[in-house]
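We just call them A, B, C, D, E and F in the order they show up, numbering each chain from 1.
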Amino acid sequence: MVYVTRRERFNAAHRLFRNDWSDETNNEIFGKCSNPNWHGHNYELHVTVRGKVSTETGFVVNLKDLSRILKTKIVDKVDHKNLNLEVEFLKGMIISSENLAKAFWREIEHDIKLLGAELHCVKVTETENNYVEYFGE
Amino acid sequence: MVYVTRRERFNAAHRLFRNDWSDETNNEIFGKCSNPNWHGHNYELHVTVRGKVSTETGFVVNLKDLSRILKTKIVDKVDHKNLNLEVEFLKGMIISSENLAKAFWREIEHDIKLLGAELHCVKVTETENNYVEYFGE
Amino acid sequence: MVYVTRRERFNAAHRLFRNDWSDETNNEIFGKCSNPNWHGHNYELHVTVRGKVSTETGFVVNLKDLSRILKTKIVDKVDHKNLNLEVEFLKGMIISSENLAKAFWREIEHDIKLLGAELHCVKVTETENNYVEYFGE
Amino acid sequence: MVYVTRRERFNAAHRLFRNDWSDETNNEIFGKCSNPNWHGHNYELHVTVRGKVSTETGFVVNLKDLSRILKTKIVDKVDHKNLNLEVEFLKGMIISSENLAKAFWREIEHDIKLLGAELHCVKVTETENNYVEYFGE
Amino acid sequence: MVYVTRRERFNAAHRLFRNDWSDETNNEIFGKCSNPNWHGHNYELHVTVRGKVSTETGFVVNLKDLSRILKTKIVDKVDHKNLNLEVEFLKGMIISSENLAKAFWREIEHDIKLLGAELHCVKVTETENNYVEYFGE
Amino acid sequence: MVYVTRRERFNAAHRLFRNDWSDETNNEIFGKCSNPNWHGHNYELHVTVRGKVSTETGFVVNLKDLSRILKTKIVDKVDHKNLNLEVEFLKGMIISSENLAKAFWREIEHDIKLLGAELHCVKVTETENNYVEYFGE
């Protein structure tokens, strides 16, 4: 078993809020992250898959394939987008890094399996001081 | 003469567009950066001042003072904000990194002078691949 | 289960030595790190907690709360300090990164639990080439 | 149990190819990484060992010893080398990061054990976007 | 005048040597960098251009244009290549970072001018410890 | 003219204070940096030299020579040391980054000249947020 990680990046706008909460409550819980006019980040996405190393290729997965999945299933849909308004698979969610990691996992899990590997970790880095990791359970 | 640099960071939303251009033209020139629903960045701001080293303190400027100026004059006004909509000193501008650097320069130049130093460079980093520097002329 | 990490930083002086060893032995085992006049580091602290993502907030923990615990229980007590001389909870220890990680764990474990999450990992980075991780057992 | 990681770096040339495949197949699977004239990387190697913290030294292992093993068993043999042609313990392999991680593990596992610790992870970083980790099984 | 920098990356093999020198002399001057079997690097290229900020676009240059020039004139020709053997515009040179910076300058200077800006600096980073800058004279 | 930069690192203890000032004044001006029990940093030193590129070697200077000068004249004397107490060429100074940069310049200027190059810049990085540069005048 070897673990292979690919990093991708995207820039997006978001805000943290619940529309069933008052502005005061949103501000109390989410602080400046609830700004109604949005803010944004240079997100980093690290996706780790695991599997046996193929004796034929020396690879767990061909990184071209892994990168293509991440681009078509995630990056193309979130890069330079408003994560609250424009991303079908994020609709109705609070756009926290925790929920992003879980949603990204769902979007790619099946395709990773088709590559013959197992999705191990989705890591979402929001700033140099904050990141989350999701391992599928 | 020694040059002293302080780094600050802020997260903000923006878009590149002109409202006197059609959507097609905005898209042709600014591409995905013109998305009407905004996107955002983890901006880095590096401000460099220069001056003589005080024999009394060993400092060109006290970094506490430099940092306070950057926070009150810039970071507090742009962090977790929409740069197009919410920042008085950016009103009416195209929110490119070039224009940010020049606007930030204007906001702090006077206060740096009051510290007894000279503003040398304002650097704005938008992504790990793109940054601009403005030297005041 | 999602894992959330917060990075904090502090600058401190320390030395590695045992006062029941001769200078020769201290030097043989700890090398230049045993310099009696101290040396220091820009330490990085990464604290990872894990828990369920709240459907109410989208958070495992509110990062404001996590950061406040790290600041009051650790950073305020070690930043710009001599780790051998001035930190109550490090008294009598060899100030290795291993012992720092374990001591930091003890200082915050209870407070993390009160947040409704579980402390997962304390990582202490001494230089860009050396770091340690402690998982509580 | 504490986990201790040491980073080392080396610069080397390599290519990905099988000499029992046609140029077309090599190119189809390995792309530009199969260039017969080689390309190269600034590799980073992170080696993590785990063990009990010695009450005598405060260490899991003395980093001088860990670093010496990494240098003599790996870095001295691969730095500024052609990984396909010049490294005895890589002979006959496809020089993927996956295979590097597994080969490096084999080269140091015994020596780490003699230090009184257990080898936990060998991580090989090929670029800022790609890395692999091997945990020994 | 604002200065705009774009970073690009490429991975390549090279060696430092003169074929009119003996192996001993090559080794004495270039050390392990003269290894006849090559070694390689993850090179970083930072290209800085300067110019007036267009009141129409807020740009000195459109980064899409700058990036396209760097890709077609430099990166496509050197990425995953052997810099000594495969790059027409480097033929006959000692492949030091100094000579790379000067050669890259020549390849792009004219195209940058056509963008309406002035080439200011070409920076080539070979490792995290070594880099060179060329300003055109 | 090409500019060549070499990075070196050292870890050291220091404090900012004047013994002709009261504790109150030291604290007012230098804050927690004046802690009598010291604190410390992972300092980075970037030294830039400039000169013509030798047609014989492709180098401005041989980095082996530049690195040797930095190690013998600076790093060996400051690494794992107390900068206030143990460094002959820093005696009597306020150990600010500004004064370090100027003192390091004096220590190496002559030796750089003997290499046939000109010292251009000494940069001292104290933390990821603060650095100073000295150009010799």
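One rule holds for everything that comes next: a residue touches a chain if its C-beta (ideal position, glycine included) is under 8 Å from a C-beta of that chain, and two chains touch if they have at least 3 such contacts.
Since the model is a prediction, treat every value here as computed from it, not as a measurement.
Path length between subunit B and subunit F in the touching-chain graph (shortest route): 1. Comparing contact pairs by residue number, the interface of A-C is reproduced by B-F among B-F, A-B or D-E, since over half of the pairs coincide.
Centre-to-centre separation of subunit B and subunit E, using mean CA positions: 29 Å. Subunit A and subunit E have CA centres that are 34 Å apart. Note: centroid distance subunit A to subunit F, computed from Cα atoms, is 42 Å. Contact of a single residue of subunit C with at least two other chains is seen at positions 128. Each chain pair that touches appears in this list: A-B, A-C, A-D, B-E, B-F, C-D, C-F, D-E, E-F. Within the complex, the subunit A residues that touch subunit B are 9, 11-14, 32-33, 35, 37-42, 79-82, 85-86, 127-128.
Considering their complex, residues 16, 18, 29-31, 93-99, 101-102, 128-135, 137 of subunit B touch subunit E.
Contact residues of subunit F toward subunit E in the complex are 1-8, 48, 53, 56-60, 62-64.
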